[in-house]
Amino acid sequence: MNTFVCVKRVPDTSEAEVKVDATEKDVDSSKFSFDINDADNYAVEEAVQIKEAQGGTVQVLCCGPQDADMMIRMALAKGGDSAMRIDDPRINFSDPLQVAKVLAAAIKEQEYDLVLTGCWADDDGFMAVGVALAEELGIPHAAMVKKVEVEDGKVKAHRELEGGISEVVEITLPAVLTIQTGINEPRYAPIRGIRQAQKKELKVLKLDDLGISEEEVSEDSSLIELKRFYIPEVESKAEIIEGEPEEKAEKLAEKMVKGGLI
Amino acid sequence: MNTELQNFIEKYDLYGCIQCGRCTGGCPVTVRTNLNVRRFVYDSIDEDALEELAKLPEIWDCTACSTCAVRCPKGLKPLEVLIGLRGILVLEGQVEPTVRDALESIFREGNPWSKARATRSDWMEGLDVKVADPETEVENLIFVCCTVVYDPRVQVTVKNLVKILNKADVDYAFVGDDESCCASEAFNLGEEELFEMMVEDNTELLNSFKAKRIVTISPHCFNAFKKQYPDLKAEVLHYTQLIGELLEDKKLEFTKELPQKIVFHDPCFLGKQNDVYDEPRFVLSQIPGAELVEFERNKERSLCCEGGGGKMWVESDSKLERLAETRVKDAHALGADVLAAACPFCILTLDDALKAKGFEEEMKVSEILEIIGDLLEE
Amino acid sequence: MSNIFVLVEHRQGELRDITLEMLTKASQLAEKTGGETVALLLGNGVDSHAEKLTGYSDKVLYMDDPLFEDYNSEKYQKALVAFFKEQKPYLVMMGHTAQGVDLAPALAVELKMPFVTDVIDLEYVDDKLQPLRQYYGGKVNAEFSFKGEPPYLVTFREATLEVPEPFKSGKVEKIDSPLKEDIDYRKFLEYIEAEVGDVDITQSEILVAVGRGVKEEKNMAMIEELASAIKADICASRAATDAGWLPHDRQVGTSGKTVKPKLYIAIGISGAFQHLAGMKGAKTIIAINKDPEAPIFAEADYAIIDDLFKVVPKLTEKLQELRG
């Protein structure tokens, strides 16, 4: 089984204060810590587990700047065999369909059985690149996969639906699966492993190396446009509910039900 | 598998062990877990057994308190065999997710708490803090500790330290933005190569300052710098030693009364591992009105709180009473108003234990800096 | 004609709420520019859905075909591609759901549609349709615009609108499915229900978390009633698992689990840093604690600073009442 796994370097903004920058199309990332997108980390582990069970190779694929190399080496340390990083400022990251085109160009000439991506990215949350990639490659797919069972020439994928139900589908290979968090427990990449991974191949490519033209993936040719970022108005963090204890309870219950929290 | 089974025999001098059992006899966690470190020393002689031994859950019960090493008549360090076994799992990438996250965080962000490196100095906001610069000589270079930097429960310790240093007009400076984890816990969790990497980077950083002494808040950083960083130029002190000096030289005086009964819990990494028993007691003794009492298990017999050795990231399966709870019970039985310690991990584990035992109304767990920070003249 | 098509999402005999939410939004949009709202229903023998949809849509186009017995993205895609090529809608809406994200991007690529996902609002700005979505877990809003020609495609987030009482009297029109044969490269096999009693709190949507403040194990019964009323799983801070009220695999925190539920209700939890680290990813946090200084309040979205023994039973009672 030869697997491609697509990884993305994203900031951890769960605790950080996020500020929009002067361009209004990006955020000030100076205080962020960056790491591999959570769902992609699970995808890497899944790819490596499949390789350990079935044999074959795992190739790591990333669109990103040089800062992403450490993240890629960590993925290689976990069991990846080689990597490609596509570093080109012309790639338009605000359009997932264009990112998918770039990834497809890197993959389509290669030998592969399976492509794994995380099902969403912690930064933009598009949830589109993986499935768009499948369409670009002309192969079947399944999104939000919580369990993968590899069989001969096909794969059974358990898709996670709302309410805890799983939908089991069988798709022929080659295929794209977008992986949901929690599918496995990602291993630790020890420092020794990361050092050894320095010897594995990490090719850095530009659009021209992939045979795509700038027009296909640049902002100009995108069918959508990011107009601006802005910080939504947030009420002060905790809404303190007042009244007698029983009143507070009732008010909270109403908020929970009417606010669709439950 | 990227496992390289170290020659344990050589590395840990296993043939030196006479199986006397003093290690297990003194090991504090044996009351609540299956850990028998003597057996591990013996069993690890068989290289083929190492993989299986590494899978035993009790190797994660060790707190690295080092009672075993302190007691060993042959000068061996039995705990390091356990750390070595942890290292086997580390190399296979098969450690608990909580351990994985702590180690990855140390590597990427310079702290085990998954906090962004860029926020290292956020605690300084609003305070008058002197930060070191490599060009200027300084007597006391202060190294904070990741847990004190990021955990609000113990952040008060460094804030009070700043107050004290400013008040006593001490020649000091803090390491600042580039400060990174001492990695003591990375070592104890078995990630030796991460530890070595941090030792190299931190040594270079700390040596780049023209500092006479490095003063730490946590005994874990203190122990690491003193014993595991071979190339540090500066002398290494724990803050209680510095405060002790200031009190002796009358540069600092506690003017407010605190008429309370205080019992001091000797942190393992300060006390039994480094023989610093007197200085914290001296500092407490200078508090007007305070009555100091002692645990029966004090000084080198201090009962480990189970905060070290990676325990902040690994839970034991044991259903038996935590050692910290025993300690809190003992303090309560002594009628203490304050259970004092001089270690952020001790404070966190003892505080949790205080709550679990329901003694919050009757007793407080306090870091020495928490207590004395309020006793200075305005 | 600016017709807005909403792909109906249904499963195991249930019409999913997102469909009605989208139709509500669609009709708000259609009012501004004229044009019809059309509910597009692909299914097998789901006439009752079609009927219900007439209350929310000008038209219900119903492809009633055994091939659509169960959702299959490849089958839906084939049918919709053919259909949209012919119909040329202005806007197509799908749920930003497990189904929607599995289908929409592929459709967008094949038909070269201007496409934005996880849209939380749509409005006309200078006569141009502007979708709004969020980045960074909701911390940033992002306004997009469509540059190309319609049909536009969006996946629309669940629970952004309240669904009103039926407000239309639409007509059902059965149409032929363009899908004439089965496909074999993707097959639906089965649904598997969630396992009961085997709780992995890291995957829970709603969590009720207990801490020291609950005081004794016998008080867990009160917590269990609350959890049961809202179909929540129960987790704990270290104090509670220490005390043995819950097994260790329910502990949230740096030496326990990290959870990311939609809703986290922290009861009697002070919010020690190590605990917060394990639940900071929760979407909405409710905290009930009598200590106004409890650090948990700094993370909470809703706070009740009061005696949990007075609040929780009443909360459960009211929730049971409201949910009927």
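Here are some notes:
Each chain carries a letter (A, B and C) given by its place in the written order, and its residues are counted from 1.
Note that a contact is a pair of C-beta atoms (placed from the backbone, for glycine too) under 8 Å apart; a residue touches a chain by one contact, two chains touch by 3 or more.
Note that the structure is a prediction, hence the values are computed from the model and not measured.
Overall, the chain located most centrally, as judged by its C-alpha mean against the mean of all protein C-alpha atoms, is A.
In this assembly, C is the chain whose CA centroid lies farthest from the centroid of chain B. Looking at which of A-B and A-C shares more C-beta pairs in contact, the answer is the pair A-C. Our note on geometry: chain B versus chain C, Cα centroid distance of 46 Å, whole angstroms.
Chain A and chain B have Cα centroids lying 38 Å from one another. A separation of 20 Å divides the Cα centre of chain A from that of chain C. Contact of a single residue of chain B with at least two other chains is seen at positions 97, 114. Listed for chain A are residues 15, each touching two or more other chains. For chain B in complex with chain A, the touching residues are 2, 90-95, 97, 99-100, 103-104, 107-109, 114-119, 191, 193-194, 197.
Taken together, the chain B residues at the contact with chain C in this complex read 97-98, 101-102, 113-114, 150-153, 311-315, 317, 319, 322, 348, 352, 355-356, 358. Across the interface of their complex, chain A is touched by residues 11, 16, 71-74, 96-99, 101-106, 108-110, 112-118, 130, 133-148, 155, 159, 184-194, 200, 202-203, 205-206, 230-232, 260, 262-263, 280-281, 284, 286-287, 297-307, 310-315, 317-319, 321-323 of chain C. Within the complex formed with chain B, the chain C residues making contact are 212, 215, 238-239, 242-244, 248, 251, 254-256, 258, 270, 272-274, 277, 295. Within the complex formed with chain B, the residues of chain A that make contact are 12, 15-16, 30-33, 35, 70, 78, 185-193, 195-196.
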